[in-house]
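Alright, structures below, take your time with them.
Shared chain: subunit A. Partners: subunit B in the first complex, subunit C in the second.
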Partner chain A sequence: MLQEKTGIGPGLLFMVLYTGLFGYGVMQSPYVAARYMGNNGYWGFFLAFILAVGLIVLLHVLGKKFPQKSIIQYLPDVCGIIPGKILGSLYLLFIIFEITWTSSLIVQQSETYFLFRTPTSVLMLLYLGISAYIAHQGIEGITRLAAFVFPVTFVLIVLSVFFSFQNFELDNIRPIFFIDGAKIPRGTVQMFYPFFALSTVLMIHPYLTDKQQGLKTMLGAALLSFVIIFLVIISAIGNYSAPGVLRYGWPVIEVTRKANLPFLLQTFGLFFTASWLTLTLTATGLFYYVLAEGSAQLLSVLNYKWFTLILFPVIYFVMMLLFSGVIEVHYAFTYYRLIGFVLTLGLPFFVWILSVIKNTG
Partner chain B sequence: MKIRMLRKALVIIMFFSIMTFTAGCWDAEEINRRGVADAVFFDAGNANPIKIGVSVPIPGTQIPPVQGTSQQFEKRHFIVLGEGESVLEAWTEVQSNVASDIFFGQIRSIVLSEDVARGDINDLLEFIGRFPLIPPSTNVLVTKGDPEKLLELKNEGNYIPGNYIDFYFQVPGKRTLALPMNLWRVNSLLDKKWQDPYLPIIEQSQDNYRIAGTAVFSGSRMVGELDMDETQTLALIRGADVGYLTMPLSDGKMVALYKIKSQTKINPTVSNTGIITFNVKTKIAGGVVESQPRREISMDEKKKIEKEAEDLTKRKIENLLVKLQGLNSDPVGFGGKYRIKYPQQWEKIDWRQVYPTVRFNIDTEFSIKSTGLFR
Partner chain C sequence: MFFDKYLKSPKNNTRIEKKVSSVVKHQEMDINIEKTVQDILESAGNPGDLINHGIENNDTLTAAVIYLETLVDGNLVGQHVIEPINKFVRENNGPLSPGQLKLQLSASKSVEIDDLHNAVEKLVSGHALIALNDVKRILAVSLPGFAKRAVEEALTEKLIKGPREGFNETLNDNISMIRRSLKDPNLRLEKKTVGERTKTEIAVIYLQDVANPAIVQEVHKRLEQINIDGILESGYIAEFISDKRLTPFPLVQETERTDRVIAAILEGRVAILVDRSAFNIIVPATSNEFYQVSEDFYFNWITGTGLRIIRAIGTIIAVTLPGFYLSMVSINPELLPPSVVQLEAASRTQVPFPAVVELAITFFAFEVLREASVRFPTNINMILGVGGGIIMGLAAINVGLVSGITVAIVVFCVLATFTTSNPAKEQSWRWIRYILFAAGATFGFVGVISAGVLVLAHMAGLKSFGVSYLAPWGPPIISDMADAPVRIPWWLSYRRPPTYRPRQEDRLGKNEGEDEA
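The block that comes next holds the complex of A and B.
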């Protein structure tokens, strides 16, 4: 089995994590906040960030315990061979679900706004092909791509979000400190999904060259993504109100499409969408790589490059089977958020507890 | 070695197969095949419930006139019509009536006839709202006359109608004469339930368009209209930043003010008996632009004008609110203020039932900030 000999510095880890956190997390965040918590739904995301800080600490501790191993490699050491392989397979299944769901989301978005007549199957083939190509470059290639696209996409996204506050109405996000039963705690669980991308750290942490900087780097990437997504949620609810957000399939694109510079620029929507698409495809490349590398380690045959090719028809088939329409994508989203919450938080916590009890690592 | 070659071959095959399926092929469209719509109207049809008209500019006529000459084209746009049982049916007829593909990405205005506005605009705008290309900031208006005749009009400047209307709303001095409303905002108001939509009324005037008031809605149905004076009062309550106010004084004199700025604080209270009262405090500031007979605005005169302006604006606001309550229309958003202060009670009430019974305490404060070039 060929394993990558390369390493990534904290800067590259920061870029690639930001790419995944923002790309996978932003698009439906105002909808989930408005749906489960109403006009002050942003609090749910704030609390979800606090949970994410706990997760990051846990990932850092696990990274220090098993500095040269990925989760697939140390799971059998901690839980025993069979349970370890089963948990590893569960982790990879979840990654498959993330890739297929998010890729389908990108495809649906492109079909809705840009490519009306292009068949879904072709778009899926195209986008998955791009992700596979990115994944094929390995962790260093992916992180360098993330670092390359970061400056431009960051500036365009910040500008779009800033101008989306144009018609902001404070009343729409009020009452700010209203607690309506268990809505906010329940919403926190639902709003945790943007942080699922942190689960990739379980696979890529061994490649981090400066492990001392791992905690700071992960916190930095999560904080930056949190701030921007938080602003996006406030902007969308502040513009449309919570019931107004629920009308839209793509509330974030809508709120940036409406943002404009009178007499100069009709809409910021295109800039935002292109930036989001770039980040999300890069992030999908990372997830694809994690899946390929994880599969290679789990099965101990071939290397990740082979698995990028072997997994291609599998992912494509799952996408075509499960997510060929936008309603299916929205339907699966509910399960994705709940399963992801349990796995993303539960798996590292379980492994850490077990490693402490068994004194492994 | 063999494996490496095979992998390379696979990558190359994948690369070329992606190229052959390049997504743009399906959606490629020649730009000159597009009929770029700039305005659309909805009306009740003759034989069908829905009639759509689309104003399509004639591309060649959009070139600016040669310097020193006037615009040489008779008219720079044409209207394509369609009727049907549903909006989609009418739209299909529009598409079938022209060779080009009607493109909605540059639409500037949507005009609703009074007939359809008095129906359910939430259902009517459903089709156009779902259309992904329509700019969310498209202006939405109501006309009391025939929208087809209105958009057919060759206005004095020979502007295409959608652009003309858009320019009109972008002039800052017109913000209190014409309260603009965008498509996304109409949808938002329809959804949130604590404020009702309002749409500017457009009409033909001196071979041009003008905004002649405001159509007010109760939920998704138009229920009445405000004249120009009432529209300005509504702008005052909503917080205007530019505006005009002409004021006859009690001693027969007259004063006119401009650069009117207003700020309103609305505070709801609920009495022990459950009566909801809204305390509305509007602070208005402006500059004197005309006084008849011409005179110096002294300190005494200033105080007198301010006092009378306070009384007048208070009366106007009271009258407007009585009218709006009678129509069960809440374009100011009193419901929103109540929701914020009493969120739990809000969940239990039907604002549509409660609004006509609420009380208002109006308080106005007026200050003159400038007198132009004269004292």
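The block that comes next holds the complex of A and C.
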């Protein structure tokens, strides 16, 4: 057999990151912006992007310090074996949270719009099963899938967002420069969640073949996702205003349904939903892979393929806990965005500081 | 994984020890010509079509010519072997040495053998064996004389414009067609024999200065590992050398068009020609390759582009339409405009079955019709195929078994499947369609999308000789991407597709590219 390539080029990294950033970030963004900041909630996302640039630089620096190692592998070197393992476990726990949260979003969205009679447990099984299969293809398979779906989904999403501006009212996004106390900074923390997907770089960076391009690639993917999500937020608030957005469970779907395609299909929302579903399933596959690969590295047993099977019931169980109304689980997930903000920014920063102090890497 | 050893091609470099099926022992030929002839006859089982022509001088057997009359041209043997030997014996009246024999023969393709096993193998492969008295070696002369099909138009890949000739089942004819078009001394041809009993000859053909040596080496390695009693068609080889076993998608390209093979060789790919098969193999193969037809390059590039886009859309429709139709009719009717819902509902009022059963019945009927029509005698194929289809379809609609929309969708899907330019790929889409069909019937619109992602994920995990099956889209190879949805004009196509990692990226060989695709 020819030597199996386990490397991904900058193009593949760009597309898989875009898939995660956009897929995981877009659906709740207008709701969160409107809820925490009101009509000018888009500023929170803008500020979150600036923070994300800092995170990207940090990820790049860590990638250069430990070019052949994932975070699970270099945490014990930097922090010591036991704290390193604990921090690694914490990182993987956060990834489980990410998968659970986003899968629950897909399930809820599907139940609301398409399959209201299908049991939730069956839908979860379907999505998790597909994500597990995607994860089973390995980093190359996942990134190639992301690259393949990118052109079509990108065009459809951009068209949906573009057409959704037809009922846009400038007054709805006003006042533009109104700073209401700590609303914007608090909202920024909440609006940082689309960039949680950057945390996967900590695991997949060793596979990047051209590490010099890492910074540009990550910045490019984050910028592209930022621009589209930003436009979605502007469009949603511009169409419905902040109180209007809060009336809808799925404002993004509602806003993309504004774009009509007469006589063929009722709305462009369908294309948008199909594209979002495709991207999110791919992104969940990436997160699942990161979790499986990380678990294999943390425990130093088996390989990621085995862990895609082993972790399946674990994730399914957590998802069922979330859906079956266990109050503690619901309570924990209300802090999801906050915990994610601290972990996504804090963990790389902490590791970097420690590695500088201890001169490791 | 535990199952990987069964589902993946062997990765290790250990050479599989082949079992030898032949009972003929490797032994030296006897110096006595009568014993030699006797050994050969016994080893070959003295078949009814074996001719043993002895040439005597003064009641002593001087030479013996042994051949199978069903494989060797008897006239040529008489003219180029027996006649010259007779003449020599008459004129010289003495023993015949191998050197003298060679001088007398006017056949150009001969080989000396001193092993009984090899001699019998040559005999059953269509050689005439010449044994001489007091000589341990025998001479095998190739004078083939068997029935073969003439060069005809490729039946499965017909074109409006382009060369008409397609491969036939004779390896040397196929090689000659390639050589006639590719007059390059860098063209390398390496022959092998595969199949313990069929001894099928295969030829590996590539351009030495263009094809990636790693791929060529890999081709040889995988061919060496084939361990089977018989190869009857190139499909056997294709299945053996594919990177992954558990997939419906073809991971090598099989074609019966000569121009397609030549174009592939020029791109830096490797052709594997198989004797007794009109379909020959090209590796590596990407999914994109199955949507390109030679004709794209013979017409104007704008026409070529249009045709490619129609082909791609046709395939997407053929695969996804039943699933989407079913999902929108039975689970998500709210996604359709009210006028379409009314039309659909009106057409199904008399149909007793749910949409999923109705569509399944109609598809099954068409599959039966399709399978049967392939085996109809040619003269009644058209009448039974088309007539039967129309009558059966109309009757089913009239009695209210199925609706007109369902029949229209099924017929359109079946026709659209054939826009794929390769029979193997078309077959794989045919079965994938039913996965999406089932997903649409179970989970509606969401099911079709999810199943689509699943299929794409499967394709993303595939490789053909180390090349991604989804290339040039995944991984994105920008320079090659331009030639995927559109047919890039010849005046812009000065580079070879980097997807196949050619040694020379420039078509005219001005510079050497790096192996980094």
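Going forward, the second predicted complex is superposed on the first by the 340 of 361 C-alpha atoms of A that agree within 3 Å, B and C clash if a C-alpha of one lies under 4 Å from a C-alpha of the other, contacts with A are read in each partner's own complex, and residues count from 1 in each chain.
In this section, a residue touches a chain if its C-beta (ideal position, glycine included) is under 8 Å from a C-beta of that chain, and two chains touch if they have at least 3 such contacts.
Small disclaimer: the values here were computed from a predicted structure and weren't measured.
Participant: Check whether A:Lys305 is in contact with subunit B, with subunit C, with both or with neither, and answer first, second, both or neither.
Facilitator: both
Participant: Under the stated touch criterion, which partner chain does A:Ala146 make contact with: subunit B (first), subunit C (second), both, or neither?
Facilitator: Only subunit C; A:Ala146 stays clear of subunit B.
Participant: For A:Leu223, select first, second, both or neither according to whether it touches subunit B, subunit C, the two together, or no partner.
Facilitator: Neither partner.
Participant: In the overlaid three-chain picture, which partner chain does A:Asp171 touch, first (subunit B) or second (subunit C), both, or neither?
Facilitator: Touch partner of A:Asp171: subunit B, not subunit C.
Participant: So in the superposed three-chain picture, is A:Ile134 touching just subunit B, just subunit C, both, or none of them (first/second/both/neither)?
Facilitator: second
Participant: Where does A:Phe114 make contact in the superposed view: on subunit B (first), on subunit C (second), on both, or on neither?
Facilitator: Both partners.
Participant: Look at A:Leu126 in the shared chain and tell me whether it touches subunit B only, subunit C only, both, or neither; answer first, second, both or neither.
Facilitator: In the superposed model, A:Leu126 contacts both subunit B and subunit C.
Participant: After lining up the shared chain so the two structures overlap, which partner does A:Lys258 touch, if you call subunit B first and subunit C second: first, second, both or neither?
Facilitator: It touches subunit B, and subunit C stays clear.
Participant: Of the two partner chains, subunit B (first) and subunit C (second), which one does A:Val158 touch, if any: first, second, both, or neither?
Facilitator: Once the two structures are laid over each other on A, A:Val158 reaches no partner at all.
Participant: Enumerate the residues of subunit A that count as touching subunit B in its complex and touching subunit C in the other.
Facilitator: Shared contact residues on subunit A (touching subunit B in one complex, subunit C in the other): 110, 114-115, 118, 123, 126, 133, 136, 263, 266, 305-306.
Participant: Spell out the residues on subunit A that touch subunit C in their complex, using ranges where they run on.
Facilitator: 1-5, 8-9, 11-12, 15, 110, 114-115, 118, 123, 126-127, 130, 133-134, 136-138, 140-151, 263-266, 270, 274, 277-278, 281-282, 285, 305-306
Participant: Using the touch definition up top, name the residues of subunit B that touch subunit A in the complex.
Facilitator: For this pair, the touching residues of subunit B are 7, 10-11, 14-15, 17-18, 21-27, 129, 132, 135-137, 170, 182, 184-185, 187-188, 191-193, 333, 336-337, 340-341, 343-344.
Participant: Okay, in this complex, where on subunit A does subunit B touch?
Facilitator: Per the touch definition, subunit A meets subunit B at residues 110, 112-119, 122-123, 125-126, 129, 132-133, 136, 167, 171-172, 174-175, 178, 180, 239-244, 246-247, 254, 257-258, 260, 262-263, 266-267, 305-306, 309, 312.
Participant: Going by the contact rule at the top, pick out the subunit C residues touching subunit A in the complex.
Facilitator: 1, 9-11, 214-215, 218, 243, 331-332, 335-337, 443-447, 449-450, 452-454, 456-461, 465-466, 468, 470, 473-476, 478
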